[in-house]
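The structures considered in this document are given below.
Each of the next two complexes has subunit A plus one other chain: subunit B in the first, subunit C in the second.
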Partner chain A sequence: MNRFQKFHQSVVVPYLWLMPALIFLLVIVFLPVAVSLILSFYRFTGYELNIFNKFVGIYNFKFLFHQRYFWISLRNTFYFVGSMTFIQTTISLFLAIIIFFGNFKYSSLIRMLIFFPGVLAPVSVSLAWRKILEQDGLINQILHTSYPWLSNVNLAIWCVIFVNIWQWVGYNLVIFYAGLEGINKELLEAADIDGANWTQKIFKIVIPFLRPTIFLNALLNLIGSFRAFDIVYVLTGGGPAHNSEVFTTLMYYYSFAPNGPSKMGVGAALAFVMFLAIIAFGIVRIKLLKEQKV
Partner chain B sequence: MKSKTLSYGIRKQRDFGFYIFSRIVIVITIVVILFPILYIFSVSLRTKDTLYKSKFYLIPEAITYQNYVDAFNYAKAHLDVSFFEMFRNSIICTGVSITIAIILSAFASFGFSNFRFRGKELIYTLIIATFAVPVQASLIPLFFINRDLGILNTYLAVILPYIGFTIPIATLILRSFFEQIPVEIKEAARVDGVSNFQMFLKIILPLSKPAIATCGILLFLETWNEFLFALIFLQNPKIQTFPVALAKIAGGKYLVPLGIYTASIMITVIPILIIFLIFQKWFISGVTLGAIKG
Partner chain C sequence: MKKVLIWVLSVSLLMSFFLFSYEAGAKEQIVLRITDWQAGVDNILNSYKEFIRIFEEKHPGVKIKYTQYSYTTYGEFLKPAIAAGTAPDMFAVYPGAELAKLVPSGALVPLSDIMDDQWKNWLGKAYYFNGARVNGKLWVAPQDAQTECIWIYKDMLEACGMKVPPVGQPVTVDDLIKLVEPAKQHGWDVILAGFKDYYSSCDAYYNMVHQLQKSDTPDMIMKAFNGEVSWQQDIFRLPMEAFKKMHKAHVWREDAINMDYQVQAWGKWLNREGIDIWCNCDWFAGSCPYEYNNPDNPDIGTFMYPLVNKNATPAYNWGFGTDLGIYSRGKHQDLCKEFIRFTNSPEGAKIFIKNYVNPAASGAVDISTIPKTDNPIFNECIKLFSSVKGRRSEYFYTQADQQDALFAGIIDVMLGQRTIDEVLAHLDEVCGYKGKK
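The block that comes next holds the complex of A and B.
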């Protein structure tokens, strides 16, 4: 085998197999992300032919940080992402343990029912809940009240959080359940013989065993909820008066919304902020993925 | 639904407290999960004059399918897009992007699993790094790429990003599956003088049907319900996918009659419900695998 053949075999052939996917990723993902970072230093509305015309330095960032909405959306994103990471993970872990140890006759049916909202379009889910949370909606009918859940300045974001947990709790549950199936049964039986009670078994055996799965679920929720858009957009539209806006919806408002200010540069700046906020967690996720492979 | 008593699970006599507690928790959870969907379904079946009359909020006094007929007509009259067209659009966008994404990922996975070459793990890290990227960070440049390619408001405008953003998860799953295929099978083929491409097509792919199906389900969930790209890149009503069109029917400025509103939601829920019921095992194993591996 001469040098050329060797090069052909060890470089050209494998890269030919990778090429189509790599080109796609480069053009659709990496290039746009890089360009987006650059665009955050330009001012443009989306209608001009050359968007790299007006370099404005850090003007977009200054503008953004002076907006009250930015700080509201930061707070809401924090609530939203925090709730998914901690509350949703805890609820689903709790449910998984109950179902796993509960000896339910219809265990897989129960899991399927709780998982079901996860396959629905967030748009369908949000529209359904919007009707249910309305002033003459189901919740108020049951409670005999007429509370404006979605148009209360402080409550709106928590309604979004509730609906999001409602939709995705089964997703974490299914992952936890799969994790629980790998638990060491002898250990639990030995604990039984030693007369350990349930609190002890759950906190001393089950939860330590599930620690990697808990971490995985929390991380998945964190990264996933950071991207969530549909649910806020449809449920509250970021309202009332931008009080339930999160980063993603605020970015849409600045860049694309028909009734928005068409400040795409500010939108790009916000995308930059999001990118920075999420990248550390993304790296942890990649590390995890690499660890169980290779 | 096998009924089996797990030795490490709870026993009715011994753990009576936990037994009752677990039943109560699961009953409440299932009611909270199912009640909203059943309520929307129930409203969608009510006649105009019994819309607000029902037993236990769920059982209608008089049943009609008129709301569904009205919803079809309403969409046609007010949105320039019928339900048939929006589902056709969704099927095209989802079907084409899943197919291409899986083919490209299978190529790439074959490259990763079958060759040793320089930069292999670096490239692989780069591919899964996409998990760390919020889609919003690529949104603005993608909009201009689409515009300058002249494909804004065509199916391609969403198909390309769908492919780009689903390749990583598909590659992750397929690579790990391809690597589990026993070396003996590959070596036997090599001895017979089979080319790389024949090996890929005749040996690897047929053996990988379950992994490909899992991938298909996962990518289907990601793309079928996708909203943000479709909202921004498909502004022409005729080619809008169902989440965008639905958000406009039920979330638009006009006050939509309650019957049509709920029927529209159900029209988008029922197809996925049927698919879910048929493939539920695949959905759950797909999500579990996707979470652990992807």
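The block that comes next holds the complex of A and C.
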């Protein structure tokens, strides 16, 4: 086999096979990202026949950073992402450990029940929770109160976070459960013989063993929570008065909301800011993975 | 297995061939597309079905495809369609701010340039509707007129000790507050509101400001949005205080802040959980189920927005719902013009009325003289639209950012997040007011 044939076999052929997927990725992912980035430097209301008509430099970014709503959405996005990454991961890990080591009679039924909300459409889940959290909804009836959960400026975003965790905790739990099934039982038996208590076994054996799974779940939650739109949109619509906006809902507000500001350029700028934030998290994650050799 | 697969493939191929042939055949026809955001509003849908039927009969080679989107998803359809150059031949545009953003793009044909005098006369006062005008030209043709008001259960109101006021005579904000206790004893809200929709608070606010104007003109809201006058004066402060007072007194439930009125508030109103429902238009005439809205049911009626105080002049909210424009890149603009002209004609107005839609073309038909229909809500709408005396209160403005600042301000005031003075000062800033405070 000469050099040309070798090159053909090792480079040309594999890339030819990859080509359809690469073209698909280019058209569906990279092209929109690039267009969106370019759009963020233009004044585009969404109605212009020529999208790239009025170049405004970094005006859209300046405008965005001067908006109170941007800072509210930034804060809420971090609450949301942080809660999903840490609280949801912790709760699901805790539940997985209890169910796995609890040896419950109906363990698979319990797992199924916890996982069940994850198979429902987020819009349906949000609509149901919107009814439950209404002033004359189920929660207030049980508590004998009439608290406006979703209309409270400080509480609205936490209600959204709660519903999101409720829906997706089962998804993480199933992954943790699969991870737990891979633990070498002999290690735990040896720890028993050595007189280790449950706390020691969990923190010295189980959690270190599950570290890759914990990272995987945390990463999935992080990416998923950045994308969250439907739950916020249906439960609060970003309100009251924009106080529960996250990046995605604010992007929608600037770009498409009926009777909204119709500033798609600003929406694109916000999308780019979000893109940078995800990249930053991605870099941190890669570094952590490298350091911990997970 | 192979045989089944071959059969499935062959059938699919045949079907696609026939479909293609059908499409190719259909291409010989002229197809005009119309879109609006009136999904679920049957009276509009039925009117257009009739317009289309008559128009197609008159033009055998023309087919009209009418698509209704929901109010919230319409922008998601229209904006990409215009940017991609695939907008429908005729499309509805939200009057006011949305239209002001759309016109500079050149996607619309200026209707006032191509309208004949007869058409202008048919439109009557709708021809001068500010929400449909940009740079002194009319860009979209109003289709249906709106009489925005509050819907009430008369029997529930009377059960709480208040006489139903005649059409055009509003009660005061304080009268509504007095209703809170008796309503509570029955387990009702005084007003069901959906403040999640910005117009639910803003339209009532505009009404209250207009009540305090010395005359119909100048429109003080318009002047304040343009930064010509300061927001920091009583005419703007008092309506905000009225909102705060009503919210604090629980005229509506606290979570009205997070409810939308067309689904949540409306559902509760149909369940008779509240006496009134705040901010509704002629949409009710087509959406209210027959068992509620029939000639034998005398319990449903209208109420104007409450007066800020006893000295205020009643104001009636007046506007137009669907407003149709012609796509400037469309191939058949003459046909589109003819179709829209037809919807504004006396014949079109009759079709609208037959379907309980209040026609915008007030010059085409005198709605005040039409006989009573079997739709009591529609009858009240017409009475309100054609006979109420008071300040004219239009509620479509072109300044989107300023309107949003006002909306957020009203909600913040109700929630106690900001003081009225802070909100008014912020509005001055957003609207670019530079004069003396």
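Everything below uses one rule, namely that the second predicted complex is superposed on the first by the 262 of 294 C-alpha atoms of A that agree within 3 Å, B and C clash if a C-alpha of one lies under 4 Å from a C-alpha of the other, contacts with A are read in each partner's own complex, and residues count from 1 in each chain.
FYI, contacts are C-beta pairs under 8 Å (C-beta built on N, C-alpha and C of every residue); 3 or more make two chains touch, one makes a residue touch a chain.
This is a predicted model, so every value here is computed, not measured.
Once the two complexes are laid over each other on the shared chain, residue contacts for A:Lys62 go to neither subunit B nor subunit C.
By the touch criterion defined above, A:Ser151 lies against subunit C but remains apart from subunit B after alignment on the C-alpha atoms of chain A.
When the two complexes are overlaid on their common chain A, residue A:Ile51 makes contact with subunit B and with subunit C alike. Of the two partner chains placed by superposition, only subunit C is touched by A:Ala241; subunit B is not. More residues of subunit A are touched by B (comparison of subunit B with subunit C).
After overlaying the two complexes on the shared chain, residue contacts for A:Asn259 are found with subunit C alone; subunit B is out of touch. In the superposition on chain A, contact of A:Arg211 is made with neither subunit B nor subunit C.
Looking at the shared chain after the overlay, A:Lys6 reaches neither subunit B nor subunit C.
Contacts of subunit A with subunit B, set against its contacts with subunit C after fitting on chain A, overlap at residues 46, 51, 237, 255-256, 264.
Touching subunit A in their complex are the following residues of subunit B: 1, 3, 5-11, 15, 18-19, 22-23, 25-26, 29-30, 32-34, 36-37, 39-40, 43, 57, 104-105, 107-108, 110-112, 114-118, 120-121, 123, 125-145, 160-161, 163-165, 167-168, 171-172, 175-176, 196, 221, 224-225, 227-228, 231-232, 242-244, 246-247, 250-251, 258, 261-262, 264-265, 268-269, 272-273, 275-276, 280, 283-284, 287-288, 291-294.
The touching residues of subunit A, when paired with subunit C in their complex, are 45-49, 51, 134-136, 146, 148-151, 153, 156, 236-237, 239-242, 255-262, 264. Within the complex, the subunit C residues that touch subunit A are 37, 71-72, 74-76, 79-80, 82-83, 85, 94, 96-98, 101-102, 104-107, 195-196, 198-199, 253-258, 260, 264, 273, 329, 400-401, 403-404, 407-408, 411-412, 415, 417. Residues 10-11, 13-18, 20-22, 24-25, 27-33, 35-36, 39, 46, 51, 94-95, 98-124, 127-132, 138, 141-142, 166, 170-171, 174-175, 178, 185, 188-189, 192, 198, 216-217, 220, 223, 226-227, 229-230, 233-234, 237, 247-248, 251-252, 255-256, 264, 267-268, 271-272, 274-275, 278-279, 281-283, 285-286, 289-290, 292-294 of subunit A are the ones touching subunit B in the complex.
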